Each structure stands twice: as C-alpha cells, then as structure tokens.
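Which chain is which? They are A, B, C and D, in the order written, and residues in each are numbered from 1.
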Amino acid sequence: MGARETVEVTGHLMDSGILSRVLDDIRDYGCDYVIEQFDVGHEAHDPSSARITVEAEDDTSLQRLLMRLQTRGVNQVAVGDALTAEAEIPGVLPDGFYATTNLETRVRIGGAWHEVENPAMDCGLVVDEAPAGDVRVRTVPMSDVEAGMRCVVGASGIRVSVPRPAPVDDGLLAARGGSPTDRPQTVVVRQVADGMRQAREAGKRLLWVAGPGVVRTGASQALVSLVRAGFVDALFGGNALAAHDVESALYGTDLGGEVSAAGVEHGHEHRVRALNTVRKAGSIAAAVEAGVLTSGIMHALVTERKRFVLVGSVRDEGPLPDVHTDVLEGLRAMREEIHDVGYCLMLATQHHSVATGNILPATVPLVCVDLDPATVTRLADRGTHRGRGIVADVGLFLEQLSLELVPDYRRA
Amino acid sequence: MGARETVEVTGHLMDSGILSRVLDDIRDYGCDYVIEQFDVGHEAHDPSSARITVEAEDDTSLQRLLMRLQTRGVNQVAVGDALTAEAEIPGVLPDGFYATTNLETRVRIGGAWHEVENPAMDCGLVVDEAPAGDVRVRTVPMSDVEAGMRCVVGASGIRVSVPRPAPVDDGLLAARGGSPTDRPQTVVVRQVADGMRQAREAGKRLLWVAGPGVVRTGASQALVSLVRAGFVDALFGGNALAAHDVESALYGTDLGGEVSAAGVEHGHEHRVRALNTVRKAGSIAAAVEAGVLTSGIMHALVTERKRFVLVGSVRDEGPLPDVHTDVLEGLRAMREEIHDVGYCLMLATQHHSVATGNILPATVPLVCVDLDPATVTRLADRGTHRGRGIVADVGLFLEQLSLELVPDYRRA
Amino acid sequence: MGARETVEVTGHLMDSGILSRVLDDIRDYGCDYVIEQFDVGHEAHDPSSARITVEAEDDTSLQRLLMRLQTRGVNQVAVGDALTAEAEIPGVLPDGFYATTNLETRVRIGGAWHEVENPAMDCGLVVDEAPAGDVRVRTVPMSDVEAGMRCVVGASGIRVSVPRPAPVDDGLLAARGGSPTDRPQTVVVRQVADGMRQAREAGKRLLWVAGPGVVRTGASQALVSLVRAGFVDALFGGNALAAHDVESALYGTDLGGEVSAAGVEHGHEHRVRALNTVRKAGSIAAAVEAGVLTSGIMHALVTERKRFVLVGSVRDEGPLPDVHTDVLEGLRAMREEIHDVGYCLMLATQHHSVATGNILPATVPLVCVDLDPATVTRLADRGTHRGRGIVADVGLFLEQLSLELVPDYRRA
Amino acid sequence: MGARETVEVTGHLMDSGILSRVLDDIRDYGCDYVIEQFDVGHEAHDPSSARITVEAEDDTSLQRLLMRLQTRGVNQVAVGDALTAEAEIPGVLPDGFYATTNLETRVRIGGAWHEVENPAMDCGLVVDEAPAGDVRVRTVPMSDVEAGMRCVVGASGIRVSVPRPAPVDDGLLAARGGSPTDRPQTVVVRQVADGMRQAREAGKRLLWVAGPGVVRTGASQALVSLVRAGFVDALFGGNALAAHDVESALYGTDLGGEVSAAGVEHGHEHRVRALNTVRKAGSIAAAVEAGVLTSGIMHALVTERKRFVLVGSVRDEGPLPDVHTDVLEGLRAMREEIHDVGYCLMLATQHHSVATGNILPATVPLVCVDLDPATVTRLADRGTHRGRGIVADVGLFLEQLSLELVPDYRRA
C-alpha cells in the first residue's frame, strides 16, 4: 500500500459505537489501519480519543476513505489548507470533489478556518473569495454548479464535528436498546412537545414535513390548531397533502366538529375537481382570498401567514398551482426555508422527509412519525444524528400533541 | 351430477356482496347452480332474496357445500330434522359431522327448532336429550368429544342467521371503501367508547384480549384506570402480558407518574426473576395479598375482583403460576368467561385474539387494535361479522380511550 | 330530489360484486335509487343486467354521480350527444368537466361514437374536429389544457366498458379469497412468464417500472438477462434506480458472477461520485459510448436499444442527466411510451407505479411485485382492473422469472 | 456505593460494539464504573481487552449486574467457586439464582471448571454431584425445578464465552451496514445452502422450524424434496403447519405437479374435517400407515423416518393427535431434539422460532426467513449471536434452496 494518513477522533467513542463503525468503514474501503494511540476516559463520563494511521493503495482511494471517515467526525491530524479546483462544466463537480455531509464543517483556506454556511448532504463545497479577501464556503448541489466555481477537492483542510448525542433526559426517545415500537408513547409525545416549546422560546423556527396521511387520519383539526397556536413556521409537502386538504375542505362533510374522511372515499373524482377549482383561482392563497377555500390546513397557513413549499412528484394529479413541478426548483425553495430551524417534525411522508433530512443541518432535532417501522428506520438511519423515530398513527399522535401544546384544545 | 338441493338466502344481498361470495363458494367446491328466483328490493333499503338450486357430484360433496353455504346465511328450503350420529372414539367426531360457525344457529330436532347455546367456530354440534324430552344443542370442540355423544351430521335441519351489518352511524369504522389506515382516528376512538358504554348500560360484560405491547407502549396506566372505572370485566392474555406487567411493577422505575419501560430494556434477567418471585408467592393474587405486587394491570384486576384467563404458549418464560400450560384447558377456561359479553376489545395480540374470535358469538361487537395492518385484517377476516380493525399504536389508543371514558383522567 | 336519470349495467354483476359497489357509490354521493329491472342469468355463467333510476338533489350532483358510476361500467340508457365547453384558462378545465378513467371509453359526437385514443385516469376529454369532419377524442391532463380546447362536460353521450375479469386459468393470481401473501409463488411466477410470452407473441410491447430495490436485492443480473432476451421494451423509473445501477457498475465488486451490493453499503459517497461521472459524460448513453459504463441494467438498455424514461423526485441526489427534473415533462415522456404495451411489470417502486397505472389503459395486464403488502394493495386498488399483486422479494422473483424465460440462465 | 467487583472482557471489542453495550448495561442498572485498563490491538485484527471495576449500591444489585454482563462475555477477574443453594419449592428457583443465557458457560465447583451441558436461555443452573465426585452442571427451566435441587446463585465462579462473529465470507448475511431487505438474495440463498452442506458433512443434524406459510406459499414440494434429499433431520412446528399440510394433502387439487393452495381458500371446513380424519387414525404416522395420508411434508417426514415435534397454541383447531397440548411438555420434547444440531432454519413462524432460539446453543448458526421485517429483527435480536435474518417470501426462498441443494430438482 502506498498512501497513508494519520487521523484522530475524540468523543464518547465507545458509548456510541462510533469506533467500531470507523473500523468497519476502513475495511469496507479495502484499506488497512494501525491504532497509534487510544485514550479511554477513566471515569464513566470522560471522553475518549483515538489516533489511527490509515493506509490505502493509492492517494485517490485514501482521499475517498478520508472523506468517508469525516462523516463519523474523524479528521486528519495534519493541518493543511483545503485544495480546490475549478468546475469546468455546468452541473458537474471537478474530479475528486469533496462530497459533503450535513454535519458542522469547517474548511481551512489561506491558513484560516471558515465555517460552511449551510451544511447539507451530497453536495460540493464552493469557496467564494471576495476581492477584499473575505472568504465564504457554502454547499452547492451538483445540479447548481456553474462553470468557474471554485470547489474543494480531497479531504485535506476540512474538519467535521459530530453533534453530541441527545441528552440523557431525552433517553426514552433514543433508538438504543429496543425497537421503536416499544416505547411509552404518551411520554414520547410530551418530550416532543417540550422540545418544540424550547425551540420556540429560543427564537428558532419550527419546520414540519407532512404527507396526505395527516388528512386521511383526521388530524387536520389538530394540525390547524397547532398552526393557529404558532407551532408551525414552515411546512414542506407534496401535491398530495395539499390536494387531500383542499378536497376535504371543499367536499368533506362535517361530523360534529370533526373533519370527515368521507371525501376521500369518493375516489379521485372529487380530488381532480378540487384541484381544477384552485387552478382556476390561480393559487391556494387566491382561493382563500376569493372565499373559495375556507378551512383546512392550507387555509390556516395562508391566513396565519406561514410559509409552505410544495414540491411535485410524478404521481401527482393536477397539480395545484403552488406546486413546484421541477424538483430542482422545489429543492431550491426548500433550501431557502431551512434557515433558523430549531425543530423539525416529519409526519407520514417519505420522499419529502428524506429530501429535508438531506438539507437540514445535523444539529437540528428531528422527529419522524410514521405507522410503518421501515420508513421510520430509514429516516433515522440517514445520517440524521439528532433524529428520532416514532412508530405511531399520525392521527392519534397529533391529537395528543395538540392536547399538550394548545391550551383548551378540545375543551372549548 | 347426482345430488341437488334448493337453498335460499334473504338480506341485503347486493349491498353486502354476499351473493357473489356464495356463487364463488359453489364454484370452488366444484359444484353447479341455477338461480331459480331472485327478488331484488325495489327501493334502496328493501331486502332482497334468492332461491338457488345447487348440484354436486354426490351427496357427500353436496352436504359439505351446504355446510359451507350456511356460513353465509344460506339455508335449505326443505325443512327436515337434523340427522345425528353417535361419536364412537373420544376426541373424534362422526364422519360427515356438521362443522360449526360462530353465527346464531338453530337445529331442528323432533320437529322443533332449538337454539345452539354457545355458538363457536370449528366445533361439532352435540344434542343432549333429557328423559323428559328436554332438548339442548351446544357446540363441543373436537378435543372434548366423548364416546356416546350424539352429534349432528350433514346440513339438514339447520338454520343459520347472519347478523345485520353494523348500523350506519358506525360507518366510519367499517372496512368498506378504504384501507384501515385511512380513518380519522379520534372519531374512531369515540365510537369505541360509545359502544362500550352502551354495552355496559345494557348489562353486558366487557371483554379484553391484550398482549404485552400494552405494557411496552406505556399504556398500563390507562388500562388500570379503565379497570378501576369498571370498563374491564374479563381479560384474556398470555404469560407475556402478565410477565411484562409484573416485571414493570417489580423493577420499573417511576418517571413522574408514568410507568417506565426501563425494565423492558434490561432484557430477560429482570423478567425471569419477577416470574420466580410470583411463583414463590404461589399465584398473582397471593403476590398481591402478600404485598409483593402493589401496582400494574394484574394488581388492578385482582383488587377490583375482575376475571382473567392466561393461556400459555411454547415461547413462554416461567411461566406465571396462573397460566394454563395446557392450551385445551386454557381454552375451556376462556369458554367459561364468554357468557354475556357485549363488547370485546383486542389489543396487540394475535393468537389469543384469534382464539377469542373463534369462541365469541358473531353478534358481539369486536374491535381489534394493532400497529400491524396484516394482523388487523386477519382478525377482521376471520368470520367476525361485527369485527372492526384499527391500525394504531396501542399506547396512544388507550390514552385517548381513557380520556373519553374515565372522568378526570390525567387531570387529577 | 329534482334530477334523475336511468342507467344500465351488464356483466357478471354478482360474481364480481360490482353491483354492491354501485349501490354504495349512490349512497355515498347522497343520492337515491330505484332498481327498475334486474335480469339475473339463469345458469352459472350467464351475464346479468340491471337498470336503475338514480335521483339526486340537483343536476350538478347528478352529473357527478353519473361520472362516478361510469368508473364501474354503468352507462346512461338515454343516448344523446356529449356536451362540450371551451377551456378558457390554460391548465384549467371548464366547470363540470368529465373526469376520465383508464377504461375503454367512447364518446358520442354528432350522432357517432368515437373511441378515446389514450384512456388515462384523472384527465379531461378533448375533442378535436378537423375541417373535414374527422373527429378525434383524447385524454389531456389538466396541466396540458390549452385555452380554446373543446372539452367534454357532464356524463351525457359517454359509454365506458369495464374489462372482463381475468380468465379462470389466471385464477391463482386473483385477489379473491385470500390475502396476497397466501399463494404458491412459483406457480405465480410461471403465470407471469406465460403472460409476458403471450403478449410478445401478439406483437405487443413489454413495459417495466422498477425501483432501486431491483439493484439492492441483487436482481440486476436477472433483469439484464431479460433485457438481452428481449423481454423489456421500455423501462420507467426514477433517478434512484439508475443511480444505484450506475454506482454498482462503477464501484461494485464482482462476487463469482454476481453483482455485489457492496457499493450500496458504502453510503452516499460512492453514489454522488458515480452521478458526477455520468453528468460529466453528458448522458447515460454517452457514458456507455465512452466506455465509462460497461455493465448493469442501464448499460443493457442502451446497448440493446431499448427505451427508458427516468422521472425525478424531490429526494434525488444528482440527478443523472437523463432524468426529467420537471415531473410534468417526465409524465409526458411516459405517455409517449405507453402505446402498444401488452404487459406491464411493476417492481418495488410506488410513485412511478402509481403514475404508470394512471396512464395505462385498464385493459393491459399489470403485475405489481413488492415486499410490502400495503404497496401491493394500494396499486391493485387503484382502478387497475387487470392488476395483480405479488408480495415477494424482488430479487428472488426476478431470479425465478429469468429461469422461466431465459434459456440457459444460470446454467452457462 | 458499597459493593464492587473487577471484570474483564477480551475479543474484538470495538469492531463488534460490545464495549458500548457493556457500558450501557452498567448505566441502565444504576451502577458506576472505572476502566482500569484497556489494551487495544495495534493491528487491524488484533483482539483487544478491557478490565473494568464496577460499583453498585449493594451486593444484590452487584450480583444482578454481574449476571447481566456475562451475557456480553464479561467475566469476573477474581476466581472463586460458584455458590449454590437448594431449591425448596418445586418450580421455584432459590433467591438470587443465576439466570442463564444460551452462551457457552463454565461453572467452577470444587476448584474445577465444568462445562454446562445444554446451554439455554432463562433457566437456572443445577449442579449434580455423584457420590464418586463426578460433577455435572445443566440448565433446568424454572418449571422443571424440583425441591432439593442444588442451584447456582450469584455470578461468582461462572465464565461465559461469546462466540466469534460470523466469518468474513459470510459477510453479506450480516446485519451490519444495511437493512435486512437490502441484500442480493440469490447470493444469500447460496450461502445458506453452503452452510447446510458443511453442517451435514461435519456430521451435524439440521433443524427446521416452520410455520403454515410454508404450505400457503406453495413451498411444500420444495420442502418435501429437501426432506427426501436428507437436509431435514428434525422439524419443530405447531398444529397450524401440520394441519395445513394434511388439509392440502387430503383436499388440495394438483395443478400440473404443484400442490395447490385451493384447499386453503375453502376456509376452515376442510381443515377441521382433515383434523378429524387424522384424529380418527390415531396419529399422523398411523394415517400414513393406513394409506390415508399419502403426500405432503408430514408424510415425507414419517416415511423418511425424520423427527418432528409439534407444540400447540391457544388458537389451534383440533388439534392433531401428535400435538403437545401442554406447552411445557412440548418444550421438553423440543429440548430432547436439540442435541448435535449444526444448522437451524426458521421459516415464517414466530412463537416456535423464539422458543427454539431460547434452547439452542448460541454457537449454532441460525437463519430466519420471514416476509415481515419486524419478525426477522425480533428473532435476530434475541441473543442469537450466530443468527441471520432474511426478509423474503418463503415460497421463493425454498424453491431457490432446493435448486441449490437437490440434484435435478424441477428438471426431472
């Protein structure tokens, strides 16, 4: 083997099992290692640290392994500047480009460390240097790369921080020691409510990602009450969520205060008609203004002046005029809304949740609720270090959450 | 084809799709048919009726088809007495025995109709004739057949009634027109609460069947409150439910009023120790009396003097001394507790729910709650005409149900 | 009630349960009915027919019910011309527009019946009348409506045919009488192979819709062999399928002839690098031509000159240059490839399968294979009359299918 | 804190994540620790070792923690003799009893180490000392404890060995780095076939645990061929497996060589009749001898003189005369058949698989195949160190396995 580098990692290495994953990675990449030094904390809560020399066949393999290890918070000991190369083709990163994670990342340029402005997964790192010497480093999706952009290549001069694991009092939510179906759910709901309250008190924004199951399980009323009580700053979703909501608002019957699911059972005819109605109005907001749309989740978001981004999919009927039919444009709109998010809830939707998880910094607490354990696991696995999964019916979950957060909910 | 018989069926044949299932059955049994007469109601809510002549290769095939059709409420036009034969071998029914359903069934003996006392599935029908001429007909499981018992053979002289479909105001619960995951869950919980209240007001008993998921999802507190408020008359379960409950009572830590699931995470060591403790006491009730067991579901059942039947399985640890390790004895104990049940809830357990569904008359409303749609569907399919399935987390479901049924629950 | 209309339906009404669904619809739409006439076939296989007068509160409700009933093959007795209205706003259908199904549909214009050229769900019907009087009727998605288009409104002058149920020898595949998990799977695979062979012999095209699970379960080799043996004419998918395939081709290791899933385990780093490589080449075909991409499914499609359409989603990395990032454009490209399809297989993907099911005529046999019973049920329910669901691992399914269809597969 | 003890553990501590789980355990039990020494191997494949002093509030807590840690292969440094106490009540272990795992366990009695004869989970350890001084140590289930038995208490004098992780070439089966649904399934089947062949060549017995899904998915023919080819030495199951098999043999129709599932669709009537037929014959073997049962899995086991143990459940119909209706007796019969097992396959059944996993030594390779990922995960989690899970349809899996193992299967 020809290329080698010494790396180090510090933290609760053994508690979190991080070290075993690092060694797995090295083997998976066909490389070898020698553990140079290992300091295990003496007491229960001391951090430990390791220094490891990794060896690869050639420099290309080594650089790729080093980039991989950074997703675990493993950084090079040697401090040099980051290398960059210029993008030559629009939409294409230079060879050997650094592929990002959504972890906190710093890049060394001209001897100084610069924080990456918008950590996100699977992007390139672009360095902007103003004439005055002001340096900015930001993530740019492959599709938004422009010729002439200065992109980081290789793993030199980059440091990544893995967020501390969730605090102890959040323990019941953690995946450790049991399947996600085996937890006292009312305690879990209370913890989510506390997390949202704290984020709001800290001046952070609350982001929701929701699928049509919210409407189908009769949770619209609960979600509307949370919008009105100020617990929804932005909502991401697809055409299906908004279409179900509008259909229910236009054609659903009201059963003693509950939005019924009756509209859903009628099949697609109601839905396409509802979609046409909003398309005629021009937009959801225009339909609200015109008095055509008078209830439901989208109505609440419009009247409470909250943000929403709807991104389309190949299976959409219609779609609603507010839906981004170009998924890259939709993703750009989502990236615009990520700033200052302090808590994120993902409800019964997979594609939009994965997309959001990719662009949300790993430091933001994130809760995924779905009836399907596989979806919950998939989202929790996807590099979302602060992610928690709850296997539950969205309807009952939102009902409980409203009871916790909205004063006088259901008691009026 | 040699054997033929004319049968008739009355009811909402087309609404319920019953007729298509009848014709499917005839074809599946390799028989033929001619529809002699078909009266479709003129107005929307008129019942319809059909008279069909079925033809089979021989009488054995015909009798088996006729028995099959009775599970759909299709009876023979010709009225004769039921035929009987004597059981010769203990535990074995005579050839050509009538296999029962859990539908309301009448048997004609000596020209008079007799109601089957305890409708249940997959049993034989035994006729007891007292010297005074008093006739009783009851279901007897194959394993309880004794030599000399007089058993019904063939389908002659038997009439079965299919219960009316669930009333309209119960419509949202019905399986029609949508998957069981697509329903407004808080409405559903309210309907279950109403159904339980009505059954109790009618002087009926409330039966629960529960699995260990009740403890694991933190629903113990809710279930205890329902026991104390008088909404649990009898509970069926396995060793796992009671073992989890006892383990949690003996070793669980208390988190601000919530029973924690911490005990569960410690693995089996806590559980086998808890089981040994109760075995030493002699029984669950003795452990309560001795002050060893002071909280939890089993404790509440004992102190409120409610009935419970625990039946074992091959996978049990221990088991607890109250558990029937012989499944046939366990089933007999369950049959003893079926009388006067007016509502049945099945929570997160499959084997005990199937067993209960088999011995519960089809007229008893029955609700099955499980996180796994497959389990819900399997239970609802199993001939349980009044059965309803709810795909939901048991923890959140019971929390909501307690909020509906128990005054001041969680507000104390 | 003010508006009424007489409708009729013919077919195996009771076998298929169609009549009960029709009556359910009428009630769900808040309307009433009188059954005027009902002819039940005398013998087992005679078709039956019914004539029903439906009543609604007003004409708008009536027209909507009539459109709904047409999805069941129920047509109006009275024969008039179809009514049309001009679209005024691009992307918006006129009020009261006829919402289509994917059933065979004829429209009466000027006293003559015209077949709808491309049946598809949730579209409008546009009438093109050439100066010479030549009339064409076609479906147009809401988003493709242009101002000035002549669109059908209401349900008059439209006749819909429900395809005959699958033939008897296809019986094991049918959903009737058992959950989709309870079938002899090797028999099912053989039936699918027969169906594909027959379609090909009839000169029809074979369409596949596939998700990344095909690559992950190691089924690439099997699918490649089917492409080479001429059993894949067109393939629909998303970025994920093609990205996994390209990643596996560029970075996967070869285990004794099997494509390994090793690449997958390395996480996203390999994938984004693979995507960048193809983006640099310009397209998948260019990467094949340049010798960069030398194996895998996409390589086989390119070298065998088969068609593929990739449509993007919000969660895509990259994406590959061939992916339609605008979902409406993607759907248009898919509609271009639907012609002459005689058999369709959907493998482990939900969004693209739903989209394909919407634009595929209901007469095309369609098989959906997925490990998740919920996905299988959802696809089979979606108006796909010839649809069949198979709950199975895609890897083992394709292996078996190749053994059936490709001579000397795995024996070379 | 009052009680302390020093423990040590050796092995691939970091690769396997074992150390983090040990520290989790200590915290979960409310104890504290100091890491006295930690030797991490220098090279990639060196084993590492740790010496840790644990502290608990009192000796009872300490002993329980020490027993818990032994499930991880963590043993006390201090070597003393095991302590024993006499059981006083039948069916009850003495206070402070040692709760077993299914790991290789040695017990120190009179200064000498004795191997536990039949490692199994959740049992007590009983010491038999012959007058000649010959010492035997064996596991005894709580329910089989007799008064006067000498049982081990506390964790002193006990050493447990954790089996080495599965070898590298078995890597694709391992759970690491991906969900169990994401694997090349044909490769996996080949590895299972290799494992079975090797076990057989080593003179070991092959144990199967199977549920009724084997019959329902049409895999009977494949399993029969494996029985005949000598790849099934013993089979564990419930009444359902045997009942479905017998029903299919007595009433199923034959479709060109395939056993049809038709019998299943007819519902329970066929099944109870089949059960009665075998009950009349006296046993499955008697039914084979009498020429009543002439095909199917049970028939093959009887004619090939293979062992089977059927254990009942509360939901059983019948049951068959061979079924142990007392679950404790059934479990005893299963324990009798565990000897010399070298490979175990668990197919589509949960209760019997869990029970088997409990009594099977952890050193035996074990593969669980089920369509439900939750079942697969549950079984793999249950202390089965050599356990592997495969999410797949049992029908296609067995078909492939027969193609691998049985010469000329399906080519005859």
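Following the convention adopted for this analysis, a contact is a pair of C-beta atoms (placed from the backbone, for glycine too) under 8 Å apart; a residue touches a chain by one contact, two chains touch by 3 or more.
Computed from a prediction, not measured in an experiment: that's the story for all the values here.
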Greatest centre-to-centre gap (Cα means) from chain C is with chain D
Which whole number of Å gives the spacing of the CA centres of chain B and chain C? 40
Measure off the straight-line distance from the CA centroid of chain B to the CA centroid of chain D, and report it in whole Å. 32
Chain A to chain B: how many Å between their CA centres? 45
Could you tell me which residues belong to chain C and also touch two or more other chains? 28, 177, 181, 265, 374
Graph of touching chains, which shape: line, ring, star, complete, other? complete
With touch defined as at the start, can you tell me which chain B residues reach chain A in the complex? 172, 177-178, 181-187, 189, 213, 216-219, 255, 258-261, 264-265, 371, 391-393, 395-397, 399-400
Give the list of chain D residues in touch with chain B in this complex. 28-29, 64, 67-68, 71, 89, 91-93, 97, 99, 121-122, 142-143, 238, 262, 265-269, 271-273, 275-276, 279-280, 311-319, 321, 325-328, 330-331, 334, 350-352, 354-355, 358, 372, 374
In the complex, chain B residues that touch chain C: 14-17, 19-20, 23-24, 26-28, 32-35, 38, 40-44, 176-177, 179, 181, 373-374, 377-378, 381
